[in-house]
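Since the structure comes first, as structure tokens, the remarks are kept for the end.
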Amino acid sequence: MKGILKSMSVTLSTFMRKPVTREYPETHKELPERDRAFPVLLWAEEDKEPFCTGCHACERACPVECMTVLMKDNPNHKSVGGDSSRRKIIDKFWIDYGRCMRCNICVEVCNFDAISMNNTWAGHETSVYDRADLVMDLPMLLAQSRSGELKPWVAP
Amino acid sequence: MDHLDQLFGTYAAVFAATIAGFILVVTALIASRLLAPFSVERNKGTSYECGMLPLRRAQTSIGMRYYLYAILFIIFDVEAVFIFPWALSYVEVGPMAYYEMLVFIGILAAGLAYAWKKGALKWQ
Amino acid sequence: MTSMAPEQEFETQDLMINMGPQHPATHGVFRMVLQVDGEVVRDVVSHIGYMHRGGEKLSETMDFRQGIGFMDRTEYLAQFNAELSYVMAVEKLMDIEVPERSQWIRMILCELNRLSSHFMFTGAFGTDVGVFGTGFTYAFRERENILDLFEEITGDRLMYAYFRPGGLAWEVTDNFVARVREVLNVSKQGIKDMDGLLTENEIFKARTQGIGVISAADAIDWGSTGPVLRASGVPLDLRRTEPYLKYAEVDFDVPVGKVGDVYDRWLVRIEEMRQSVRIIEQCLTKLQPGPILPERMPRMLRTPPGEVYLRTEAPRGEYGIYMVSKGGNRPHRLKIRSACFANLQALRDMTIGSYVADAVVILGSLDIVLCEVDR
Amino acid sequence: MTSEDAAAAPLQSFDGTIWSAVDKALSGISAQPERGVQDVIVHIPRDEVIRGLRALKTNADMAFDYLRCLTCVDNEGDGMDVVYMLYSTTKGHNLTVKAHLDANDLHLDTATTVWRAANWYEREVMEMFGVRFRNHPDPRTLLMPEDLTDTFPLRKDHPLAEIEVLQGEGIAWATEESV
Amino acid sequence: MTWPLFGMDMPVVLDLFIRMNIIVILMTVMVMGLIYIERKVLARFQMRLGPTRTGPMGLLQSVADALKLVAKEDVRPTNADPWVFELAPYFVFVPIFIGFVVVPFASGLEVRVLDLGLFYLLAASSVNLVGWVMAGWGSDNRYAIIGGLRSVAQSISYELPLVLSLLAVAMVADSLNLTEIVAGQAGAPNILWQPMAFLIFFIAMIAELNRPPFDIPVGESEVVGGPFVEYSGIRWSMFFLAEYAALFIMALVGSAVFLGGWAWPFGEQLGLPWQIVLTTVKTSMMIFVVFWVRVTVPRMRIDQLMAFAWKLLLPLSFAQILVNGAVLVYELPSGLTHALLAGSGVAGVFIMMWVINRSVSRPRPRPVLIPRTDQTWEATR
């Protein structure tokens, strides 16, 4: 009886405290800088092209094989009259978010800092009705970075 | 208003309430029948067995622990019914009625003690 | 019924009850078939394997860096501990010396993970004994708090993939020490709440005392580990008996039960939470700046041929990685020795003769993670 | 140290390890020692392994009363090794015991008579590697479906499942071809 | 024949019709309100927010629930016994509903005053048990059967302490008529003279309502919902409706019999609005404590439950009746009578606490802590 009364005093004390839950879709928790949602490609603003050269490093390192990379000759390269220093550039890039396990390995192996984990809420709220819609193509992967909302965090 | 009318007046309410209760349930069921979707699918009718197919029919004979309590209950509940009228009138009758009830409850208590001793109150 | 002999008609039949794979109390997809007579359990058959994803087979195709992410998924309540076993096995095979700072940080994170895992246990166990979700929400409050810290450090709330052979993936945040202290202060209150909510409660005591008893000899014979074993009175804690990381340099107590029943397991876990707080506080004072990876770290992780069975003390007990390497950058064979797998074996012995309601409580007291059992 | 080094080293040279005591406990059993990375490894021929394990458990100096783990390693054509990780709760020492099985004769006596803990581990090895444990009390499948008894997933010759590409690249390639 | 209603003489049939309608509406609104309040209160106890989406502060949550339940498919298992399965909701709901006939909200505000009011209420509400068994047996589901049988065993066991504790108060009040009992408490509520009876009543009431810690028939973690595992849609909501209606009735009766209803502490001459306010406050307090208990305590086990009823509550309530009888039959001075009654009650409460304490607290120290020393391992052998 004494123990039950003690338990009841504990619950009463929490009755008096403020609720800790958040009303999710309206109020978002602030995400830390290092937050890892899904990988996105970065956009080189000065060159008006992605950083990615399509070197397949991330594709080979991916443990779940969720990436597909196709490279092409850069039409904007210096040798063909452009102003970019990249000889090769990404042609097509798909990441299947349904397979991705967000292990950050692709970011670590990238030699060009061309891929980064999305650390905005947009990266977390990716639910769709069809699994096929989770396969992101190049424009989709670049959209987040091009819009300027992404604050990429590079591990020190 | 004579006595019979009084009785009718009060207990008619009980009757009316019973009917009202049934009407309430029936209305709800009819409303549901009108509003709710209904589909015939073969597997829908399987009873819930934590995701597995039922092992066999559930209505088997069950351990008799439950029934033992039922028997005990019947005994004690009938006694309780006897105690009710006593409780309201013994003061007028006087101490004698109290002693009689003491004996009665004593017999009951002996019964309970016997059941207790015999282990009828133990589940195992 | 008609074909039965008259004397058989009065015989009660045992009822077979299926608990799981889809039952509110089975902590995942676990199935136990109870043979009950009225309310008393006569026999238990457990079925596991619903969550089997071939993690061991998959790990044989992954190189040592890729494999880390899979360890998180086997033990989703104590991810750091699982990663730790894996990376330590690789380090042992490659003979890498881990810098001090990394070791201390690993210890802090592992103990925080133990804290969060035990919180999860207390909450889920509260639900098993029938408290309407109160313990659960308390536990989640505390756990979220710890997970927030993990998210700030590693970037993910559950699948951290933060430890690397040789050290850590990257440095912790600048305000790490202050944040850990903050989290610890909240957690202390949380432990007090959990303790006050249930430990002294008479109904809780009545429900947990004296059921699911397993003696020390039986527990050893069944290979039980962790709090289940310690509750039986065997002071077997790998942090003490075979200290890894820096556990030899901190003071902590190993709580040991006396009877080996469910209540003892509860008490042991509650006390372990307090000890974890104590360990973390000592670690914080000893944490010094420094490198997090050894200076000469090979870029490609290749191990010499060899085999190692590396065990660490995860919240649920001994989490072992048996890694056989034939040279190269991936294990030839990887066996995950999961603590719950061993503990779950003893379930039948503990449960027979108790009530249906007790079976649920006993299962809850083992604190199983089915992903770990099935791997 | 690798197995080649261990084979070259003389038997009694594991100074500071428990090998000499194990050797004493296993007298009469032809055991081959090996200095592993962490624990001492003892190779025991498979016909004697249960006898050896029981000797290790009952020997007062050894008292290996705790079976840490039991598993199996497929050596690709070179047979299989059944591995027992032992621990003594009273003495606090560890030992790894290995029994080699030929690829065409995967039979072994059960260790459940020594430690009950071996029960589920052996069931797992049975279905994953196809090693038959004689006299096992409960030889049902443990993790795999009950009807899947003819294939052994953890053997090296068992292929990994094809990676499912029906969504990601599959759709993507299709659109590329159509362009 | 006429009957007075709101100061007017009315034909009995019309009068009944109006009163029934009031009761039906009141019950529906109260149940919806109770569900909403329970969810909010439980959420606060658990530091959550509770329903917030439907309507302002989630006020329309119950309405939305009700609409959803009506518009949900009503599945019947193929193996179920059709008659038993389909009729069970009636047997669960109707007995609870007819209990409303005697429940007093304020003086003169009830459907009918029955002389055997208390007795009638107990008799009616125990019929609802039949519905539970029917639901359990008819579903052809193991959990349902176990749940149904458990509910029988539990309800009949706690029926007796409930009846006897109310009888003990009825002896003190010298009436079974709820209105008279309330009127008799204008000076002091019965809880003062019968604290143990109140405690027993409260415990037995929670048990009768199948609420934690006595919710073993519907124990989520054991029998998944007990007798109504297989019910869905509107049929399931009937069980729910009955459960909350019963909670409401029991709380009302408890506040009327023990806490003085509308009569205490201001007396009966106060206006009707104040009487309703008093009743509401007292009932809410009872209900709040029920919620509070629900959120705090673990579920009991069936053998403990039974032992608690038969070995502790039943003997104690018998003892209370005997003491009451002895005290009341000899016409002692009023002060002494009341002192004896209260004293015996308090003593009973202490006996109860002592027995509970003794039965669970075996000497059990905290776990042994093994500190770090160099020879720790050997030292503990």
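By letter and in written order, the chains are A, B, C, D and E; residue numbering begins at 1 in each of them.
One rule holds for everything that comes next: a residue touches a chain if its C-beta (ideal position, glycine included) is under 8 Å from a C-beta of that chain, and two chains touch if they have at least 3 such contacts.
Computed from a predicted structure; not experimentally measured.
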item: Target subunit D, source subunit B, minimum contact steps; value: 2
item: Each chain counted as touching subunit A and subunit B at once; value: C, E
item: Pair joined by more contacting C-beta pairs (A-E or A-C); value: A-C
item: Most centrally placed chain, judged by C-alpha centres; value: C
item: Centre distance in Å when subunit B and subunit C are each reduced to the mean of their C-alpha atoms; value: 47
item: For subunit C paired with subunit D, centre-to-centre distance based on mean C-alpha positions, whole Å; value: 23
item: Subunit B and subunit E, separation of their C-alpha mean positions in angstrom; value: 15
item: Chain centre separation in whole Å, for subunit E relative to subunit D (CA means); value: 60
item: Sites on subunit E at which at least two other chains make contact; value: 45-48, 142-143, 145, 224, 295-297, 302-303, 356-357, 377
item: Residues of subunit A engaged with two or more neighbouring chains; value: 1-2, 4, 7, 10-11, 14, 20
item: Contacts with 2+ other chains: residues of subunit B; value: 49-50, 58, 62, 65-66, 123-124
item: Complex contact set, residues of subunit B against subunit C; value: 49-52, 55-56, 58, 60-66, 123-124
item: Partner subunit D, residues of subunit C touching it in the complex; value: 48-49, 52, 54, 56-58, 61, 92-93, 220-223, 234, 236, 241-242, 304-311, 318, 320, 322, 324, 332-333, 335, 337, 341-342, 344-345, 374
item: Touch list for subunit E against partner subunit B, complex; value: 1, 3, 12, 16-17, 19-20, 23-24, 69-80, 89-90, 93-94, 97-98, 100-101, 111-114, 119-120, 137, 139-145, 149-150, 152-153, 156-157, 159-160, 163-164, 167, 170-171, 174-176, 224, 229-230, 233-235, 237-238, 302-303, 306-307, 310-311, 314-315, 318, 321-322, 325-326, 328-330
item: Subunit A-touching residues of subunit E, taken from the complex the two chains share; value: 43-49, 52, 292-293, 295-297, 352-353, 356-357
item: List of subunit C residues in touch with subunit A within their complex; value: 62, 65-70, 73, 134, 138, 141, 144, 151-156, 159, 161, 169-171, 173, 193, 196-205
